[in-house]
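Structure in structure tokens, see below.
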Amino acid sequence: MNNQRCGSFEYPAPLIYLGLKLLDKLRYKNYQIAITLIIGGVVLALWKPFVLIEGLQVAGLYASIALPMALILGIVGIINLAHGDFMMFGAYFAYWFTVYTGADPLVAIFPVSLGLFLIGMATYRGTIKYMHGAPELIQLLLTFGISIVLQQLANLFWTSQPVSIHVGYASASATIGTFTFGTYGFVYVAAAVILFIGLFHFLRHTRIGQAALATGQNPTGAKLVGINIDRIYLLIFSISIALVGVMSVLFLTRHSIFPHVGGIFTLKSFCLAAMAGLGNLTGILWASLILGLGESFVKSFMGYAGWADIIFFVLIIVVIMVGSYRRRVK
Amino acid sequence: MKNWRYIAYTVIIAIAILFPFYTGTYLQHTATAILIYLSLALSWDMLLRTGQMSFGIAGFFGIGGYAAALTHLKWGIDPLLSIILGGIAAFFIAFLLGLVVLHLRGMYFAIVTLALAEIFRVIVRNLHSVTGGPEGSVLPSAIFGGDPSKIYWLILAITITTILVSEVFQKTRIYFATTSIRNDELVAKSSGIDIFKYLIFVFAITSAIQGIIGSSYAHQYAFVTPEETFHIHFTLLPMAMCLLGGMYTTMGPVVGALVLGTIADYLKLQLPYGHLLVYGVVIIIVILFMPRGIVGTVRERLERGK
Amino acid sequence: MPILETKYLTKTFGGLVALNEVCFELNENEILGIIGPNGAGKTTFINVISGVYLPSSGKVVFHGKDISELPAHIRCKLGIGRTFQIVRPLQGLSLLQNVMLGSLFGRGYSLKEARKEARGICEFLGLAQIERDIAKLTVLEIKKMEIARALATKPKILFLDEVMAGLNIDETKEMIESVQKIRAQGISICVIEHVMSVIRELTERVIVLDRGEKIAEGPYEGVSDNSRVISAYLGEEE
Amino acid sequence: MKGKWAALICVVCVLIGLMGFSGWATAQKLPAGEPIKLGAVLPLGDITGAQAAKAMKLAAKEINLKGGVLGRPIEVIVMDDEMKPATGATALDKLATVDKVDVFIGGMASGVHLGQIPTLKKYAKVTVWIGAASHKVEEAVGPDSDWYFHIHPWDYLQGESYREGWTAINKKYPHIKIDNWFMAYEEGAFGTASYKMSLDLYKDWIKIKGESFKSALLGGGDYRAVLRHAKEANPDVFIWLAYEADAMGFMVQAKEIGFAPPLFIGSPPGWPAGFGKSPVSEAVTVYGMWAPAIKEVSDVSKHFLEAYTKEYKEEPITYFCPLGYANVYVVAEGIKSAGTVEKAALISALKKTEYKSPMGEIITFSPSRIIKNQGIRKQKILQYQGGEQQVIWPFEFATSKPKYPLPGWDKR
């Protein structure tokens, strides 16, 4: 009955109804933000379309690398200073794999993520496990040590000479009118979205995920209700490192790899995680989007690229300060 | 018992002061480098005692270095005076920024200090006319004409001052203030502690120390560049030393810096290739077996022994 | 004139009203009880008075002076002392050092003076072996330490937030005696308590909070017969 | 607890292995006699320093096999500077006071070398340096340091050399247009200095536009903004001044946005492994000092390449490798002709150096803008052709002709 009525003579009604419901869902403030974003996006798309496209691609890369770090930070409670170095290691594995098998680098996703899963497990079992109960900052030092070891191992095995793999599709591009842009970069956007949805689903709708969430919020409480928190930590740590492995392969397809390549991504991921707020995965997406677009915007003005870094860090400070101010006022 | 301790301190200080008379230049330089990191580690720990973890050591180190180098270069100010100016510059910048950022806690404070250090670097890099831009500025000559003994004594004096300041922080009411702020801010303010005042005070003082060390470093090597003077290892290494030695004490960072500094140098001599790898491994091993830092764990063992 | 009064004190967190226009007076050298069911806003009330939170509206008046906007550490120095519902000993400090904190900063004493003062207070409250590490204290001792720390700030008013909770009968008795001794020194005391026998024994006057509102005031016997109180508080507790 | 101990055991094994490795790497048979010690400071963690160190040891070995110098063996003692100025300076102290070396050699980054100059001046030992191109270094060394020999060309010498090169190429092949340039330079010291220097040197010669970007080495890696600006400028020549980590990114992203200038130049200190094999490398012009292809025109280079590959089972991939080799030979020949390691005699002997280097040219010393003893002044212009770097200028070393213009991205 209903379907028939909607379908026949009141056809705009369901659309309007859906729209209203959507607007209703967005709380007043979010609604404002959404409108601003849409207007900003349209203006940007007309004025400097490549800022929008490239900013989005950069944001995707940032977000997809930061998400696993946020996961470790939120649940295991460790600032993993070796985060980017795990990615570097994964990328070298992928390079190795590609050179020896001659296969497409993307095939390496499976062995590399498996390999990094095991490395993550070994790292946890061998070191981090013993850090529970020790002062939290000590874990920071531990991951710093791991970071040095990974970098130096890579330097010994593969030397500091950058390596890169050239795959034709990584420079695929599309042209609209006179405007040519790269399309492969969207793979990072896709990766970020898939990673985010996957993690979200995992944390909300699976038993292990819920247990992990509970552990992250209150380890003592989780222990009391019978969750084996050591298992959870092991699992989350290894999964995160495996996800870093997936990203490392995608990273390799477009970037040169050298032993110190990970450092800056540790830094940026840490910043993003802090900007988003502890354990806030959605926040990572927003933060990456703001930073990616902000950077691309500044760079798009000839001669101002040197200041793009400032935008990154100023935005981080502003977001954190505003957040802290709001909390204090409340 | 107490007398023994003072005698021991006197002997150690005497040995440290007389060090250049019975060692070569190389050891003096190595010792100077270790003392530089020692002071940075200690200054970091002094702020850590309030519960605030700064990732911005390199930032204030660099500000001090640039302030000293530029005042010396542009206005011909005496190197020693310019070192003090470097400290003052870091003090005031830390004070002003502290008014804003010390409302933050924990990880947020850490990130914001990290971001500030990076912002300093980018600003310095982009102000070509003042700072010399990315290529930096070269000083006409090193302080004391590059005499390693005098440089050593200068750094030693700064280090001893830092240790004294740290001890003052440990032995006076400041100790009570920082410990209670770190433990429980609610108790602290309900007991009449002006938390913000103490945080700003400690932040500015420790930043000034970092600035002074940065200034001496700039004068020792007679140049400043954004990449070298603001290098992240001036943040990470002192942190590692402090954590390895043990937090919240004067002894911890001192021991940590001496141990890590000596190991790093010894390894470099033994293993020209791959010494950094072993260095990382040593950090991991020490942490695994001494999770409270060297001083903390040893003390714990001793107490349990009692 | 009352030593402390609140005028239409309101505190909201987001949309949640924790205190709703609470008016109260505390007289010189009085022991007042504040009771109410869990979540009635008792601790929030203390927090607003001691300056942990700033009020959303209304005033806190101390000695005829509006102190609503002053930060916590200034209020402490003016003479508002407090303990905490969940004990908050400072780890890494000894018992004596914990107590010294109050005189050092609340009074601005030197280390030497503060140590002497803290020793006196510990003795006064019957705390022995004061060099012990805080981790080795019993529950009673920690609770007393909390009071001692507050006393060391030389307060004119002392808020005791459930100091009897978790103590056995003998310990409670000892604590009641201590509180009375404190009052004898001329300090006004405000006791938050769940244990009704303590309230009956200790207080001259009681105010009852429920869902952020003051619903009754008067001597304990009178209040405990009040039907609103029974339904809100006693009834709910059963 | 098991895991902890397992970790410890693993580490001990790795350690022992490393000790063995480094022992093997440093073991060397020496002829009898008190050795002449050369103290080298290099970034051993970096491929440039690592290969330069190996090449130095190779040169010392060759010299010692022929009976050494003055009947004494040559010993090269290598210290790591970890790319830190302080470490680099301390290393010099150790070499001077503990090992009591006769000559300082080595060097790579300018940033590190700036920090070493006060120490060098303190000892005023004979120093023959193969790194540090920045003119800031020359300012810091100053005119009075007659003991300082600098083999690597200063940045402005490189700039002048390329101007000479392009003028010559333009004269020989008039269809190659070089009027409008776009320079993309990395925002650090290296790129900025090169750019500023170019603006200064080339102002009466070509039209230059330029913009900075962040090198992948320092955490950048997205060059699309600067490439777009270059595309808008539509230059005859596009050049990027950065590191090897940026090489692939520049090509891929230029292809992505459809930017194919007639001349596409890169000027990193080295190139990433496998770059030549990728199709994007074809006809990319390269600034440098050396390429394996020079073996076709230089016997020394051929000998060096073969000896190095045989000794270490790896290819020399940075020009610091032949430079390091030349470094030891220059010093050894200087000592030989001086007949002593005594400072004044050695300095005057080194001033008369005429060493046929594996880079092709003959190394001699003459004054540059500030210092008295500058070695190499000329660079080379090379081009990737069929996966190999070929020399196209100087014509005396040319192994191929320039390919012009750069073929479009869709034609590869």
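We just call them A, B, C and D in the order they show up, numbering each chain from 1.
Quick note on the criterion: a residue touches a chain if its C-beta (ideal position, glycine included) is under 8 Å from a C-beta of that chain, and two chains touch if they have at least 3 such contacts.
Given the structure is predicted, the values throughout are model-derived calculations rather than measurements.
At the far end from subunit A, in terms of centres built from Cα atoms, lies C. Chain-level centrality, scored on Cα centres against the all-protein Cα centre, points to B. Subunit A and subunit C have Cα centroids lying 48 Å from one another. Distance between subunit A and subunit D, defined via averaged C-alpha coordinates, is recorded as 38 Å.
Look at where the CA atoms of subunit A average out and do the same for subunit B: the two points lie 33 Å apart.
Subunit B and subunit C have centres, each the mean of its CA atoms, that are 43 Å apart. Within subunit C, not a single residue touches two or more of the remaining chains. In subunit B, the residues that reach two or more other chains under the touch definition are 125, 273-274, 276-277, 281, 284, 288. Along subunit A, residues 127, 130, 152, 155, 263, 267, 306, 309 each make contact with two or more other chains. By the contact rule set out at the top, the touching chain pairs are A-B, A-D, B-C, B-D.
Those residues of subunit D whose C-beta lies close enough to touch subunit A in the complex are 3-4, 6-7, 45-48, 50, 187, 211-214, 216-219, 221-222, 224-226, 228-229, 243-249, 252-253, 255-258, 270, 272-275, 277-280, 317-318, 409. Taken in their complex, subunit A has these residues touching subunit B: 79, 127, 130-131, 133-135, 137-138, 140-142, 144-149, 151-153, 155-156, 263, 267, 270-271, 274-275, 278, 306-307, 309-310, 313-314, 316-317, 320-321, 323-325, 328.
Residues 4, 7-8, 11, 14-15, 18-19, 21-22, 25-26, 44-45, 50, 78-80, 82, 84-87, 89-90, 93-94, 96-98, 111, 114-115, 117-119, 121-122, 134, 136, 139-140, 187-189, 191-193, 218 of subunit D are the ones that touch subunit B when the two sit in their complex.
The residues of subunit C lying in touch with subunit B in their complex are 50-52, 71-73, 76-77, 81-82, 84, 88, 90-93, 97, 100-102, 104-107, 111, 149-150, 152-153.
Touching subunit A in their complex are the following residues of subunit B: 48, 53, 100-101, 103-104, 107-108, 110-112, 114-116, 118-119, 122-123, 125-126, 232, 236, 239-240, 243-244, 247, 273-274, 276-277, 279-281, 283-284, 287-288, 291-293.
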